[in-house]
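Structures incoming, each one as structure tokens.
The two complexes that follow have chain A in common; it is paired with chain B in the first and with chain C in the second.
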Partner chain A sequence: MRRWITWSTGFWVGLFAVTWLLSSYSFQLYKALDARWIVRFPKAYELPTESRISALLDWLVDSAHFVFFTFRDLTRAIAALIEIPYQFLRNLLIEGFQSGLGAEAVQIAPSLSWIAVIGVAVLIAHFARDLSLGALTGVCFLYLAVFGQWASAMVTMASVLIAVPIGAVGGLLLGIAAYRSPLFEKLLRPFLDLMQTVPVFAYLVPVLILFGFGPVAALVATVIYAMPPMVRVTIVALKAVPEEIKEAGRMVGCTRHQMMWKVLVPSASPALMVGVNQVIMLTLNMVIIASMIGAGGLGFDVLASLRRLDIGGGIEAGLAIVVMAIALDRVSQAFASRGVHEHRSGSYLKRHPWTSTSFAIIVGTLLLGQFIPAVQTYPKDLTITTGPFWTASIEWINVNFFDAFEAIKLVVLQGLLLPVKKFFTGIPWAWGIIATGLFAWKLAGWRMGLMAMLFMAFISASGLWGKTMVTIYLCGVSVFLASLIGIPLGIWAAERPRAGRVILGLMDTLQTLPSFVYLIPVVMLFRVGDFSAMIAVVLYALAPAVRYAAFGLREVPAHLIEAGRMAGCTPRQILFRIKLPLATPHLLLGLNQTIMLALSMLVITALVGTRDLGQEVYIALTKANAGQGIVAGLCVAFIAIIADRVVHAAADGQRRRLGL
Partner chain B sequence: MTNQVLLDCRNVWKLYGARAETILQENDCPDPEALKAAGVIGAVRAADVQINRGEIFVIMGLSGSGKSTLVRCLSRLVEPTAGSIQFDGIDLLSASDAELIEIRRKKMGMVFQQFALLPHLTVLENVAFPLDVQGVDRKTREARAREVVTLVGLEGRENYYPRELSGGQQQRVGIARSLVVEPELWFLDEPFSALDPLIRREMQDEFLRLQNMLKKTIVFITHDFDEAIRLADRIAVMKDGAIEQIAAPEELVLNPATEYVAEFTRHVSRAKVIRAKTIMSPVTSESFAGEVDCRATVESIADQVEAASGPVRVLNNGEIVGQIDKQAVIDVLVGRK
Partner chain C sequence: MKFLAAASALSLAALPVMADSADPIKLTLHDWSGQLITTTLMGEVLKAGGHNVEYVQADYIAQFAGLETGDLHVAMEIWETTGREAMDAATGTGKVVNLGSTGMDAIEEWWFPSYMKDVCPGLPNWEALNDCASEFATAETAPMGRYLGGPVTWGGFDDERVEALEMDFEVVHAGTDAALFAELESAYQRKAPIVLWIYSPHWAPAKYDGEFVEFPPYSVECYNDPSVGINPDAAYDCGKPTGPIWKVAHAGLQESHPDATKAIVNFNISNADMGAMVAEVDLNGKSVEETVAAWMDANQDTWKAWLN
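Now for the complex of A and B:
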């Protein structure tokens, strides 16, 4: 007789059945037993974490005293250190240099002209790769001028130009320290994990309290957000320098310092540039979000338009962000893969053609700009605004397709979102803790099971059980849909090289867009609510599902496929019997990435009115309640950590089973 | 006169594993079984090597036999678990970091299997790198680097980057870099193993040409026995971390010390190793049809002896030490004892 229920399937079916029963009847249970604690964590036992954190922060700001200075002094010093170069860049790029204040201000020097900025950008891109990249960059920047986004874009640019060097150099130095001292690496690792899983909004609050509303606070938050990947990349890149090169360095008698700066860092520089590219993209992403605490620039324009429901304005500013992201991404990638450097000889001008040409453009436009204002600033009359066009288009779509959209929305809401929501929000907290523990234990061992239970207990005791369940439900549904769409796309991309190039190219572009941008069209078409949030999350989290699926399928060893073909498998059988099973570890890693992206996006969708942890963080931000923000942020981080560890463990298990 | 032995290494051990340190304290000379039982890898076991000034000392063995580890112990790139190493009268293992840096800067050079060139530097900058590290000014170091680049036959490619060169050319850069400081002791860890056979042969010739000019003390690693006998003055054969035998190539073939060495040398063409000195007989003849050097291999003199009308005389530094007739050469060629 065949045993059709193994212990494992029995476990999962049982776990689900119990959870479902408890979820469906928890309310009745509470009424029948008159035990309110079943559905709500008793208020009396809630942890005072929130108020403790807020109090700590207040103490830091108001009365913390180190020997020679107060904490206030410290934050002020940091602020000044950032403020000065930032203001200089703003003057340089957009405001011009003045002496004196207010009405008596006298202009000493104008800002760089728009032509000079575009010219230098083109030259840098050309230098990084070739003329066509220069042309692309030129078009991107020209777009900013022609479509009237120049001033905001340059403000954003100034933030990027400050945050990226700080993030990159800071990350590099921390990475080097961690490379040199394994102990330091061990200490750093949990911080890196937290930094990358705690939602950005959560640390906007303490940063806001410490540094006050304004561009400096935004820059500090941006650097905190963009630095961790650089640290990781640095550690990995330094470790990946071939052993022989390290030995060669030691054999020629390098000191520790020479070893690092003459051998290791230069040898690892292509990999390090990949890290810098990440810093740039994260910075851009964050500079936009940070407009909520005073960064200004394009992000502020988008946010303001969204609040005003000014469709056209939002799309215009959003597109400007996209264009800037694409230009910065491509140029920094080009630097990462830059090949041969040319060696030149001759006079200074001949040896430094790029620098001298840039200089010539800057000086030339500066002089010309004194006589012809159009050279200095792009003439207002020539700007084109697409705002009304976008407003009209969206209106047209809404008028003509309103019913269709509503119907789709209704079907998905009723058929998918609401039942799942009911299931998750119905689970009583006590059983939720146990169930999560069992789930993690089964997939990742008892240690992880215990940790998961502790995390969930913390969440319950913080009084955030309900909102957490909403987060999990939204994340779950979105990840499910993203995988449902993404994995077949990935398979398609892997099986058909030509389609693959288009699909993967599209995914690359999707990934360069700051998360904020996804909200714009979604809100325009579907207005606020869970459905809109879900669509935005699915779009944002799609890319890794596609990429990992395509990568996993392509990585399947050729000899196994040949063996399958020789055994007479049809292409279909090869796909389902050989390739997909072997690619499961990669699919799982893709799932992991999808979950992480979904969680980070979910917090941002709080702006379109979800009632989850994201909303909690957002409320904390508007009320500047640091404790509330951090606790809710930690809850998101805990979910992320549980998901990450469990999926990784599942992928490892699968890999072991396949003998990879 | 200075000591004839430049590098003197005695009873050197390198063990890997959790119990690497303790096991030698319990037992001076653990055998392979004891190591295995303790979960320790014996990468180098009880190695005794004396390297003489001006000789080419080849370390030979299959991959994983511990050659690289041994040579890295000799240069202290890895810290030996036990043993003593004297370099030019200095105790290498007790040298401080600063002393070690000084020794490596001035007296040692190393060539690596995968070339280990710095990808961001040009040929010239790579070659000048050891001087750069020492703080030599740009003009001087580039002038010196240019000389060495010419020496290894790469003039005209000074401004190329490593990735623009073929494997053979890259290794020439590696050789140039290791020679730029005129080291006394030159380590080469399988320098030609990553190259195609034809290129390898060309590089061996090049190497011998350089050594004829420079007369360095050389520790050369290879897993290729043909390469070893072409280049070596003496060969150390390693197996599982231990040295099986150290001898001149000829000695190794004629008198293998262990079964393993015998197995290794069985298929070697004897004519390539046996030298005139070994097969010559006492001078009996009055007239000779030619002359050969006593260090020449049988292979290299075979044609000459065969074509000669009578026996040829064997010279050692211009002095007659013996004679060789056709029969002696034919015996070697057909493998008769």
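Now for the complex of A and C:
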């Protein structure tokens, strides 16, 4: 045991020392040997991936032909198919039904009134659990009306109501296919990894070209981003169905089809709802990016307010997204934990109280709305705004505390950011490939080591080594700080349930509040630069560190804590000697999620001005260069995949050592 | 049957002669107020002329793909200074046409708030700016002054300009213009030193009191020929070009909507009118629709002339 530790420690110290030496002296080495290839990947050997991918996409768009139709005909047909229900929902929720065009348009029927939408939402929540959930949902929707966000919120709602079913059902079907065929699962896995890790900005341009401009393209991009967790959850949930249930299904002579839809899917449904919940959250995360390519709605309001520095307006529209997320999240979770209810008997009204009440509200407000406009549309005079308050508070902080912030910033910048940046950007690419390989091999086995080396070689050969190192540095520092703040917060949340509720609620808000909303005040207080980017990343990536820490500590078996108490441990000892070591696998998974979120956020921080892969993806987007975007996106994905596998391997190793 | 034909001919004669198709013309909206105003104005004028109009949100550069295929029809603001490259690529395919200038001229240049004149009396002269470069220094750039440039995608050759004019400034690039103006707002609130990239027409020059820095005047030769200008060995030793804001359209629009295309070509508005409308929207909190309607009320003759 002792020997093993020394060997392992020696390995890490050696790896770090060599890397550090090479990083510090790579420039001198290049001068001494007159070998520029040490610090820069030789241009002549760079792979033409960018132009290849661009050419492939051009071919797909312009000339790919499947006998009867072109590839673009196919994607356009899909777009038209999605357009129908989407347009219907928009008409239903906000625009009203019209026939004819422009000046000759005649209104056939008005949209649902705001009262009707709120009423139906409350009833659905009541049906899902109880009256208090109904009240919460009602308050959330009322916020949208009172703060003047109604019209935009309903546009966003329409896209969520289309994207979530497509994502959930599509994910379910793919998951079932993967469950049935292990080969398909193997083929699917890398695609899922890429869908989750390639930044959305990278494929916006191809999606636009294939699916046409407008909300449908945004919906497609949203589904690509939001579906993978559903697939993964489905596979796990189906595999977890107890053998006895399957046996019972077989004994009553189920066909394959019946087995799946009458036995497996129903018994896995609570777990499946967790996947649906993920789809909802990710869909709402995409609202801002989707609005950049024409989804409109709340995301557009956030972007437009911030472009004119209307911080209050941005915060209100951002909070509207948060309350929508909260309402949808709580209701979907309620459906997940909802047991089977007894069948009611009696008249139709008695058997279907919710449906009939909804119907009554809709018809009632429809009729009343013809005479009283306030019933149809929330009166504009009654909306309130907190905009001036936010603007004034930011100004007050800015004028009074800027110098103090500046001092803190300098300390962090010089003590942490700059040295780490120098270390990473100094690593010569050739050693970087080897070092990553050794790192991955030690933690996750030789296969992963080989894969990591291939990934890093691809990055160097694409000419993106420098930007990748900046990405790793920014992401690394942010993850370090997020864990430093997040894990103690998580411990606190687990030890003190009341504080925990507040902390976890705050984390929900931070995660669903579009990062753009706080990016702008951060820039006002800390100027454009790495520090602002880092703060935004830390704020966004904090949530999983906190959540997994809290979850991990709560999951520690009670009998082990009891044993500790019997042995006379102080609460402090229980925490540090029992709970924390046992919670390490969860802490590591939290770390994994923190890394993933930090990487996805880096693309957003390119909007304040960083010089990393995020910027590369963003430049590609603004220049509509599909190839450049996808290559840079792949580089981000490769870093994410390496990090994911290594951390997972570490967590598994830890679990085995603890005998869990 | 004959009767029907006669009736339809009659009803056609009663309406103003319209060769245009009834399909809606799709105008693109981006995310800055000036562009929303220009586009809404065009759209409302077209509606007044009996055309059907649809507004579609699209990204400034990514929209060219849509303009080429005909998914989108008209983009009202392509800036010479930032959109030229993408516009040339699109018109080069023959599927997109340039419908001429909007009448507005884009200005992009280094800009400083007026209170900096107290610290640096020679402004707006660029040499005077350079003499007090240290006033603009921050901890990260010291001893150099800090100049906040636009996103790298905007081009502008600021790094080259600083080199060519041997200025003691370090160029820091903002990621988006939202970040750019956030810094300006912050500095302006504290009356702190700042010099940054500002463009016009925009609400910022209307809201904040300040001036553009005066560089040696731009010429094509200055950008292309190192020997021209103050520094005999470097290009870009002068200010930035100003240029028109263009209107572009899908090439097929001329066939399907000839009258509307004429109206779009005729569209013309001055920097001053646009600046006033942008200020109404961004500073006084009016909606784009209200502002456009007010302008159309006050300038009936102007826009009616576009339709003929």
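One rule holds in what follows: the second predicted complex is superposed on the first by the 584 of 660 C-alpha atoms of A that agree within 3 Å, B and C clash if a C-alpha of one lies under 4 Å from a C-alpha of the other, contacts with A are read in each partner's own complex, and residues count from 1 in each chain.
Keep this in mind: a contact is a pair of C-beta atoms (placed from the backbone, for glycine too) under 8 Å apart; a residue touches a chain by one contact, two chains touch by 3 or more.
None of these values were measured; they are calculated from a predicted model.
Residue contacts after overlaying the shared chain place A:558 against neither chain B nor chain C. Contact with chain C, but none with chain B, is seen for A:525 once the two complexes are overlaid on the shared chain.
Look at A:242: by the touch rule set out above, it reaches chain B but stays clear of chain C. Considering which of chain B and chain C touches more of chain A, the answer is C. By the touch criterion defined above, A:398 reaches chain C but does not reach chain B. In the superposition on chain A, contact of A:606 is made with chain C only, not with chain B. Judged by the touch definition given at the top, the superposed model places A:250 against chain B, while chain C stays out of reach.
Once chain A of one complex is fitted onto chain A of the other, the partner contacts of A:566 are absent, as it touches neither chain B nor chain C. Legend: residue contacts after superposition of the two complexes on their common chain; A:258 is shown touching chain B, with no touch to chain C. The contact surfaces that chain B and chain C form on chain A in the two complexes do not overlap at any residue.
Partner chain A is touched in their complex by these residues of chain C: 22-24, 28, 31-33, 47, 50-53, 56-66, 69, 71-72, 85-86, 138-140, 148, 151-153, 172-183, 185-186, 189-190, 192, 203, 282.
Interface residues of chain A, counted against chain C in their complex, comprise 101-103, 204-205, 208-209, 212-214, 291-296, 300, 303-304, 306-309, 395, 398-399, 402, 406, 410, 413, 516, 519-521, 523-525, 527-529, 605-610, 615, 618-619, 621-624. For chain A in complex with chain B, the residues that touch the partner chain are 242, 244-245, 247-248, 250-255, 258, 262-263, 266-267, 269, 340-341, 343. Touching chain A in their complex are the following residues of chain B: 72, 75, 77, 101-106, 108-110, 112-122, 129-130, 132-134, 159, 161, 164, 177-178, 181, 187.
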